[in-house]
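The next part holds the structures, each set out as structure tokens.
Here come two complexes built around chain A, the first alongside chain B, the second alongside chain C.
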Partner chain A sequence: MTSSTSPVLKFGLRLLAGPAGAVLVMAATFVAAALIFFAINGREALSLFHEMVMGAFGDGYSFSETLVKTAPILLTALAVALPARLGLISVGGEGQLYLGALFGTGAVLAAVEQPGWLLMPLMLTGAMAGGALWGVIPGLLKTRLGVNETISTLLLNYVGVLLVSFVVHGPWKNPNSLGWPATIEFPEGAILPQFFDTRVHMGLIFGVVAAIVLHILVTRSRWGLGLQVSRSNPRVGTTAGISYERNVLIVMAVGGLLAGLAGIAEASVIQNRLQDGLASGYGMTGFLVAWLAGQNFLRIIPLSVLMGGLLASADSLQLYAQLPKASADILQALLFITVLAVSSLWARRRAA
Partner chain B sequence: MEIQLYNITKRFGEVTANDGISLDIRQGEVIALLGENGAGKSTLMKMLFGLYPPDEGSIIINGHETLIDSPQKAMSLGIGMVFQQFNLIPALSVLDNLLLAYPKPPFWTFRRLFGAGAPQRKVLAYLEELAPGLDPNTLVRDLSVGQRQLLELVKVLNLDAKVLILDEPTSVLPPQEAERLWGLIRKLSDAGRSIVLITHKMQDVMACAHRVVVMRSGRLIKTLSREDYNEASLVSLMMGDSNRRSEIDTTPLPEVTGRPPRVLIRNLHAHQGVQSIDDINLNIGAGEILGIAGVSGNGQLLLADALVGLASLTRGEVILDGITLHSASQAPKTSERIAYIPEQPAVNAVAGDLSLTTNVALSHFRQLSFFPAWEPEETLTLNIIHRYQVRPDNPALLAGQLSGGNLQKLVVGRELHGRPDLIVAAYPTMGLDAGAAHDIYQALFAKARDGAAVLWISEDLDDLMAYAHRIAVLQGGQVSGLFDPKTSNRLDIGRAMTGEKKTTTEHIPTPAEAHPRTAS
Partner chain C sequence: MESFITELLTLLFAALRSATPVLAVVLGESMTQRSGVINLGVEGQMLLGAMTGFAVASITGDPWLGVLAACAAGIALSMVHAVLVLGCGANQIASGVAVLILGGGLSAYYGIPFVGDKIDTLGNLNHTFVSDIPLLGQFLGPITPTVLITLLAIPVISVFLFRTRTGLRWRSTGESLDITRNLGHNPAPYQLAAIAFGGLMSGFAGAALAVDYTANWVEGMTAGRGLVAVGLVIVARWNPWYALPAALLFGASEALNLKLQSWGVDISPYLLATLPYLIPLSVLILSYRGLRASGGGMPAGLKVVFQSAR
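Let's turn to the complex of A and B:
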């Protein structure tokens, strides 16, 4: 008898020891932690959890809202993952996002009379330039002066957010907004295309395409090989003729550019204007997603969708369960801790 | 204290590093553990020192079988080991380094409170005995290699070691300091301590061993007492049939009159961290092997980096075939015309988390297409793997999965394929067994026969004297002497290494002025 059952059992155990098992345990732990969190709040845990899942993926509308939140997470995650491929720890997604929105809006305001075919490219170019600028500055500080990129990107986040705050309270404030700190509404020609009558916009396409292209470049091309070599052993890279400095600037600029696109998409599609609190927290969420995905561009896509779902469901939690909005952050934190703990545990067990 | 190693076997994967070795260590005796690199000497002694457990066999101390599972255990039993790599903190003084290693005062005892008190005197007792002139307040970074080694020895003696294991102690020393060490070893054994001297040098054995144990490829070949051996018999025991030094052809190329040297190093100054080189003027002709001797840490590595284009110059220039390659006015830049075998290739020449094929492709990174085709690279890698017997022979493995020695062979193969114009090789055979070292010398010097200029940095004066056409000695970042190995003797070179006397560099015969020679 045992001889017939043991191979099945063995196979099961082996499966559990692999990545599939890790994902399974992660999911189970997270669900358990979420249920405990709901129970502590004195709610019907299971039904609330059901509500949450439905709020993220339950019907077409909820799923579209999930995808709306996926786009900026995906783009800012890429903005973190690309420098990480060179060993840089950038936390500047948030600031780059704001700078993208700032420069993109600047282009819109400057060319507001122009037709859409001109306005749209101007806006996107402005956004990319703004994001890239906020990536290149820490890059230059790093290569020229040896300033730690984590610190400089972190600090530039504040500068970016406050710059936006400054222009919407000051020079760019819509005079007809009755004191509300925001720019004028974007004209029709400056609103990114959306799909199927939902708020899902071009930003998501940009993100998915960028993730795939970056994945191919980094894993297959000579340039990507250069990044790998420089990260693994900078001295060997220099000997082979790979310019670390140039690559730092490239990855920081491209990363910033992508986050900048996320910023202009938020301003253009979601808010229709530039205003304070444009996208609080997307940059940080993107950072965490990038590290959860192990800087793998393809893995970032589903993880961003999952995280977008979590954020979207927070709205429904507020609505149906009167839980504070902060509960979404708590759930997000629970998910991250679970994933990090389980994956480290698995890695350690594999090493042993 | 009597130690018996009984039937010790140790395997690393498929390699048997020690195969059933039995050995006894008696009180007051100097045992030389003689063998080529890779013979398994260090492995055996690291097991005695508790660094790894034997797979089979036992260690018997004073008649009791003893399990030594950590260096702490070994030290508590009175076994101490001095490694090739020193374990000192350069920024601290001699006294501080000794105090750090001294077991008695607990960490909260501030050294200032000692004053000239008893504990300090105890810590310094051996230092005063072994190196009377050395001020304990000197910073370790200002010590010579020989003094650092002494300090390591004092650390071990402070732990009350009865058995001292010295791992290749003379490999880093210039000839005079080696002699001093031999004297010290004799003195310690007269005082009743046992000493195990791991070495591959005949001079060490002849100078101070009571007994010699010859090892070869993991096996104990023979144990001989003082009266039963001579240098010649030991060489053949140690090498087996692999004494092939004579097969390497280093005949200089005939010099074409009026042809300038391929490489001109003019007035070269550079500094990097604490290392610096000053006013280096050297030239290397086509097919010439210029050996660089010197105690390590005297600017050899910086010179290599400066030639290759990894370190920026503060003054001077490097000219290859009439074209200025590096100069103080331009940012350092590497060139594919230069092959570079850096020291410790496992650390300095490979990316550990990339495959062997990728690592081989790095030598011609600039020629790869944007989406590199990997088949030709894999073929090339397989060729190198077979030619240099890299193990395991799978090009898809990550470099980090190979041992240091195998990576070294891979890097040598990578750098020597194609037709480099200048080859800079820093300690290319360090840590390799005799056969592999021989293959590498053969390949390296064959490139010289093809017309490449070779700059070869080595610590092994015997090898330098055997193969180099000229030897330049680096001392304190400067060329302290330039020698023709056929007409110079070891002691003169040794003096230049320690900077005792500046040798005149006025007339050095170029290889062609001297008689063309076949290897001896």
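Let's turn to the complex of A and C:
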């Protein structure tokens, strides 16, 4: 680049290096991956792709469904990105989501007679506690015994899903549900507020606010600076009075708490009850989005919307084009692989 | 007393059968990690192996062809990890998760037409000379070929790793890339082979599960066995001999789960189903105490991956 580069171009390049660039790269790779995948399977690639875009962003209803999927993805992505600030690789979003739904539902069932102004805060507190618990356990294992957090969070995911199955098949099963394993329907007071007559709910607001607050805290506060120091050298951090151990517990708990909110929002608004298969895969999708966003809280917001669009359109394609639901997983994986490859090669070239 | 011993032996052999897919993954992943690469994608490779093996067995009617196809599928998918990690220098954990999601998606997508198919099994040792062995015959009889192949892999891997020149270089690759390079060896072929071997074993593990153990294909049927195996590699201290007791831990917890249910124990099957995750996790936690003090045989090159945090 010479000094004669026009300011417009410079501005454009700077924009590309920021969140807008990440979204652009992701969109381009996604288009390529989707077209190739459709073509390999003998589908009309372009028309199917058009259907997909329409299914995600085509009209008000489609877009609202996209936003419905965005909420849990956004929250579980934050649950990955915050621990990543300390260099931790947590894959526990799925389990934390289920534990949030479990504890939140527990609070609802315990206080089902209470008025909404009391029931709602109880439910949300329960959900946050449940999610935080499933974050703190791997956090404690890490700080006390050095157990690798990736493996412990992955295993705890399965336990979380089974715990929900246990209560909905057993003690919390609605006796009037004709054998269907689910709790009773949530009372009016335990349904999170929704907007514009759609299923878009408070969970989305929680996610966006949390992303912005976390971004400010991590980039502007003393605590955020401490995380950076701890990450690069825990010993230096300790001499400066920053406890690596305490920070591990904090980021894991806050991450888990956010994923827990995603869980109770799914149970309350989308399912109206706790049941099996609450939110299969949102945790993994969140992990992916956090990585695509380079663990940047603000970039996670638009990327979650795009990924929500992918999931929503996969739902509609399943209806209209008989495309199996698993195609969404394949497209996500292809996207992740392309972005990982491109960004790693890019980093390597810059380092060289 | 006699019935107690019979009961115990039945449980042990049931544990061995259900441990076999996990054992195969532990062996493969130990070899991968010995070269300094961790691959969480084994779960996805196992799923793709299970689906491919079952599909080929169903189409051709030959379960052995299914096993071969499963191994090939495992290797093919592991090459995605190889390209990302070795070719592009991507983060190993992230790349592993990508492979995991891809394998899950591909197996679910292409496995749909085969759900509910019936396939011929690989058979077992019943009606051979083994089942005529007094006392033990009744336990050895139900043992299937994949169990034997996996058990046989233990001494083979052990001899290769600890008694051959190539095995020595394989291990030195995992200890230090720089020293290996300085000795005039290119580490890349070793790491590539290590990832491919992990792919082979996890594909085989998928076949052991879908073609042999259950003779069935269900979406997501591995249910975390591959990930449990990655944890058990640490318990097994990257040693093929310790892999057997480590995998039996999973097998025993699963066998115990089924046994308790058949005894009509008044505990929810969903709670019992957490045992195959919680027991390996607990042992992993216990074994970390030794790991912390001595390193416990962890390949030094892996520490970079495991402790990227600190």
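Here are some notes:
Note that in this section the second predicted complex is superposed on the first by the 321 of 352 C-alpha atoms of A that agree within 3 Å, B and C clash if a C-alpha of one lies under 4 Å from a C-alpha of the other, contacts with A are read in each partner's own complex, and residues count from 1 in each chain.
The definition used in the following text is that a contact is a pair of C-beta atoms (placed from the backbone, for glycine too) under 8 Å apart; a residue touches a chain by one contact, two chains touch by 3 or more.
Fair warning: this is a prediction, and the values are worked out from it, not measured in the lab.
Once the two complexes are overlaid on the shared chain, A:V147 sits against chain C while remaining clear of chain B.
Counting the residues of chain A touched by each of chain B and chain C gives the higher count for C. Within the superposed three-chain model, A:Y320 lies out of touch with both chain B and chain C [touch as defined at top].
Touch criterion not met for A:F49: it reaches neither chain B nor chain C. Judged by the touch definition given at the top, the superposed model places A:R348 against chain C, while chain B stays out of reach. Once the two complexes are laid over each other on the shared chain, residue contacts for A:S221 go to chain B alone; chain C is not touched. With both structures placed on the common chain, the touch criterion links A:I89 to chain C but leaves chain B unconnected. Within the superposed three-chain model, A:A240 lies in touch with chain B and out of touch with chain C [touch as defined at top].
Within the superposed three-chain model, A:V229 lies in touch with chain B and out of touch with chain C [touch as defined at top]. Chain A has no residue lying at the interface with chain B in one structure and with chain C in the other. Within the complex formed with chain A, the chain C residues making contact are 40, 80, 83-84, 87-91, 93-95, 97-102, 104-106, 108-109, 112, 219, 223-224, 227-228, 230-231, 234, 268, 270-271, 273-274, 277-278, 280-281, 284-285, 288-289, 291-292, 306, 308-310. Of all residues in chain A, those touching chain C in their complex are 86-89, 91, 141, 145-152, 154-159, 162-163, 165-166, 169-170, 231, 234, 244, 284, 287-288, 291, 324-330, 332-334, 336-337, 340-341, 343-345, 347-348. In the complex of the two chains, the chain B residues touching chain A come out as 308, 310, 333-334, 336, 340, 342, 348-354, 358, 361-363, 365-366, 368-372. Of all residues in chain A, only 220-223, 225-226, 228-229, 232-233, 235-242 touch chain B in the complex they form.
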